[in-house]
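Take a look at the structures below.
In the two assemblies presented below, chain A is common to both, partnered first by chain B and then by chain C.
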Partner chain A sequence: MPFKIGIVGVGYAGFDTMTPGLSTRELMFEAASRAYADAGIDPRKDVQSFICCTEDFWEGISITDEYMPDQLGAVLRPLCTVSSDGLVGVATACMHIASGLADVAVVESHSKASDVVNPNEIMSFGFDPVYNRHLDVDPRFLAGLEMTRYLKDSGTKREYCADVAVKNKKNALSNTRGVYGTNLSRETVLASPNAAAPLTELESSKVIDGSIVMVLASAEKAKKLGDHTVWVRGIGWSSDTPVIEDRDLATAAYAEQAAARAYKMADVRAPVSAFDLAEVDDTYSYKELQHLEALKLAAKGKAGRMVDSGSFDRNGKLPVNASGGSLGVGHLLEATGLHRLLEAILQLRGQAGQLQIPGARKAVVQSWRGIPTATGAVAVLGN
Partner chain B sequence: MPVFEKLSQSSQARHWNDSIPLEYHYTAGVAGEEFRRELRDNGRFLAAKCSKCKSTYVPARLFCPQCFIEMKDMFPINNPGYVQSFTAVDRSRDGSKAEHPTIVALVRFESAKGGIIHRLQVDRSDQVVLGMRVHPLLKDKFSRTGALDDILAFKPLE
Partner chain C sequence: MRRRVAIIGAGMTLFRRRMLETGKELSFEAAKMALDAAGLTLKDIESVVEGSAPDAFDGIHMKGEYLIDGSGGIGKPYQRVYVGGGTGVFTPVAGWWNVASGLYDTCLCVAEEKMSPLHPHPQYAFWSIFDQILERPLGTTLLWIFSLEMRRYMHKYGIKEEEIAEVAVKNKGNAVDHPCAQLGAKITVDDVMRSEPICSPVKRLDVSPPSDGAAAVILASEKVAKKLTDQPVWLDGVGWTLDSTHWTNRDLAYPEYVEKAAKMAYKMAGIKNPRKEIDIAEPYDPFDYKELHHLEGLQLAGKGEAPKLAIEGVSQRDGDMPVCPSGGLLGVGNPIAAAGMMKVCECFWQLRGEAGKRQVKKDAHTAVAQAWGDLMQVGTVTVMRS
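Presenting the complex of A and B:
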């Protein structure tokens, strides 16, 4: 039987550089209240599984999972934390539903990055303590190493990476959630300060605050809930080795494998012509190109040229990050995958406002967990 | 809106400060200890070879990530290093602007997987080309501890 799990409710709050008026828990409460209203459910009666995707160091609380129940309506209900990107949490919810453990499952993830005084130190603390913490440098050095190798092995022109930032920041201008939307030239992006050469600061996404909540349901239950069900038709996730030195820095092997699994589940045989839109991770400009090639939405080494020629523009052959992505909207830490998913769902519901891609029916969504990880997830969606 | 009475003046928005002083002793482990001893005593990098897939890994480790079996064959490598990738960063770990850019490279060794990530001793990043041969500049034997900072930097071969 084809895989089919419904996303019946979405809610979000925040989407700004700082949210000093609300605590983390209040931000989550807002997002959850909206998602439950959207799905038409009561979390105290209708949900059998709650899943949060958080990470203790970003929260500033050890055992942060213990602080999640109240604001989601999950006190004395089954709740677990997945210490990974939100899209991996969606995969977990799908498993709970597919196994029959739950009819309805809720997934939440958030960023309260404005509360973190030294985010660089947290990112650096993710590196291997014995072999990778001896240098007192910006942790984005790994992005620089990856980008250099990607450009070399794929034969991509360096300027094409800048074009990703130009495209996504322009798209974000039309997105009400877009914090970093702007019109820039390729030259301005290239001339912006160095982040980790060749990567520049305008090619490196900036963190924002926000919470996103999704309500998922079995196919049978979904028929009774909400009017805008979007179906998960396939989902996959994968982690490459944590040993950076072992990795092929040029490619996103984790995304390639996650996509292969999701495509197989959803019976996607020709990815390049299977979707009306794609929301893929663009934490750094070159990452979008790497990920497009891993997802087989572009041939190896061709993603850059396709960005340059407008194939991935909002009115192009396959709109990629029509929302503005993380470069245009802002980066939401572990909620970044849920953000990609949120933007795709709004498109498939026909609720994307100015961003709307006419007749959007099928989408692919991909996440990456950020530096220094090589973990990613892919979901295939249909309406 | 779900939260009815919101703060409406920025002066009402308060926050509390706190920090956590974290300290750890990270165990280098069986293979890690051997690697450190070889670096400290002989200034060489220890590798491990998988008996099944025949891959050689630097730094040495106890198990093969591809085959999931223990690797017992450990030996120092004398193979030349080369630059697999590099970057230049202007900021320190805490985000502050550093006085000079640091050129960071992934140095691999011929016929081996893995490698060492370290700084490159060059004046400018445009002096670096992918694949260029490099060798490690080490602290003198008596001040080495076996840690990665026993390596001062990698330097292009003359």
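Presenting the complex of A and C:
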């Protein structure tokens, strides 16, 4: 039987550099209220499982699930933390529904990055405490190393990475959620200060605040809930080794493996021609290229040239991050995967406003957990 | 469609106050032992679930990512799940949905905790679980809220400290027979009563120790399990529930969240009369009164009536319903996430008749394991059958 789980409600709040008027819990409440209204459900009666994707250090709290139930309407209900990107939370909800544990499941993830005084220090705490952490440098050094390796092995021109930033930041100008939308030239991007050479600051996404909530339902239940269901047809997630010295820094093995699983479930045989749009992780400019190749949306070493030639523009052959991605809209920490998913859902519903890609019916969405991880997820969507 | 899920192998490390092994190595040891017990290698495993409690113990951000290689997750779908102290029993629950959903046929579930890296004492990590504005300025510790809870439980039902101490005596005594145990000992109620008060009425011997350790189980779909073993232990019921953040508004005498989680698991397993149908219980016992609290939440004793079970011998290893035959957290030790998984392992070994000197007298077919955590807030429950 083909895999088919419905996303019947979406809600979000925030999408700004700071949200001083709202606490994390209030931000979640707003996003959840909107998602429940969108799906037409009462969380206290209709939902059997709640999943939050959070990490303690970003929250400044140990055991963050303690602080999740009330604002989601989940008191005395099954709620748990999956310490991963929101898209892995969506995979978890799919498993809860497929196993019959739940008819309706809710996934939440958020960023309250403006509360974090020392984001670089926290990111550094992700490195191995014995072998890597003592390097007292910007944790993005790993991105610099990866980018160098990717450019060398794939033969991609350095400038093409800058083109990703130009494209995504331009796309974000038409996105009401976009915080970092702007018209830039390739030269400006290349001339911006180094984040971790060769990666420049304008190629490195900046964090924003926001909360995103998704309501998922079984195929049977989804039929009764609204008329704008977007279907998850395949989902996969994978992790490469945590030992950074052991990785092939040139490729995103985790995304290749996750995509292979998602494509198999959704019976996608020729990814290049299977989708009307793609929302892929672009935390750093080169990551979008790496990920496009891992997802087989571009041949190895060809993604850069395709960006340069406009194939991935909003009116190109396959619009990639038509929303503006993390570079244009902003990075939402563990909610970044849900943000990719949100933008794709709005497209498939025909609710993307100025961003709308006409006739969008199939999409692929991909996430990455950021430095220093090699973990990512892929979802195949259809309407 | 839901598929039946079986446990086909279990393993655990020593539980000790300070282990020389890293968290990765502890995970590896437990996972390897479980794989060997199931007659499998990592190649046979399709997905991996890791359970571990606060990152603050290790001081490692995204601890789940750090533990991937030790727990065998490289190149596989890997999830780290986390509900505070409830994580240990929740880890096989996560494995259950990996298999029951039809996505994967085999799942390796590893629960690991290394509390010792935190100096001077792991208790400091728990300060950061409290509300930043309302509670942290008080310098709160977990022991405070447990003493409030214990006192409330005693007050509401007129229970004496001596009656609660029977649990510590039973569990530490049971742990003498556990080869991994940290604090097995033959003690008396008098020893507990005379031990140093930590936060009255909680005394030294009422409390489980901080520990390092790991435990693991292998889950398989019915089809695969039947090929691999003649003695699958079926994971027939899973349940979990989280109560409100506001623990100050809660009935401290009764864990409603455990009741709800238990009812979810019992319903799935088709258990109608838990006290009659359940042969062995492994409720979470980080404190002796918690075992009693949880037995009531699990519907295995009436409200305020759990203390009788140990005193009358019902919950002893040779009793009618042995409770914590492993020795529990009080005796075996309490590496948070690993402790809950140890209980699931114990049920597996007991139901297969492989518990050695700890084997219960009763012919046992159904067991329940339960853990609890967060701000006295979460209940996680699994029901297993041979």
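One rule holds in what follows: the second predicted complex is superposed on the first by the 383 of 383 C-alpha atoms of A that agree within 3 Å, B and C clash if a C-alpha of one lies under 4 Å from a C-alpha of the other, contacts with A are read in each partner's own complex, and residues count from 1 in each chain.
To be clear about the criterion, contacts are C-beta pairs under 8 Å (C-beta built on N, C-alpha and C of every residue); 3 or more make two chains touch, one makes a residue touch a chain.
As the structure is a computational prediction, the values presented were derived from the model and not from experiment.
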Original post:
Once the shared chain is lined up, is A:197 touching chain B (first), chain C (second), both, or neither of them?
Top reply: first
Touching A:138 in the superposition: chain B (first), chain C (second), both, neither? first
Subject >> chain B versus chain C as contact partner of A:182, first or second or both or neither >> reply: neither
Exercise. After superposition on the shared chain, which partner residues are touched by A:17: those of chain B (first), chain C (second), both, or neither?
Worked result: neither
Which partner chains sit in contact with A:243 here, chain B, chain C, both or neither? Use first/second/both/neither.
both
Go through the superposed model and pick first if A:74 touches only chain B, second if only chain C, both, or neither. second
Practice problem: Name the contact category of A:129: first (chain B only), second (chain C only), both, or neither. | Solution: both
Next item on the list: Please work out whether A:60 is in contact with chain B alone, chain C alone, both, or neither, and reply first, second, both or neither.
Entry: both
Who does A:149 touch here: chain B (first), chain C (second), both, or neither?
first
Footprint intersection on chain A (chain B / chain C) at 60, 124, 129, 241, 243
Touching chain A in the complex, chain B uses residues 1-3, 6-7, 10, 12-13, 15, 18-20, 24, 26, 28, 32, 57-59, 61, 65, 84-95, 98, 101-102, 104-106, 108, 113-119, 125, 130, 147-149
Listed in rising order, chain A residues that touch chain B in their complex are 20-22, 26, 29-30, 33-34, 60, 115, 117-121, 124, 129-132, 134-141, 143-149, 152, 193-199, 241, 243-246, 249
Chain A partner, complex, touching residues on chain C are 1-3, 53-56, 58-69, 73-84, 90, 94, 96-98, 100-103, 125-126, 128-129, 131-132, 238-246, 256-257, 260-261, 264, 373-375, 377-378
Given the complex, residues on chain A that touch chain C span 55-57, 60-63, 65-70, 74-84, 88, 91-92, 94-101, 122-126, 128-129, 236-243, 253, 257, 261, 369, 372-373, 375
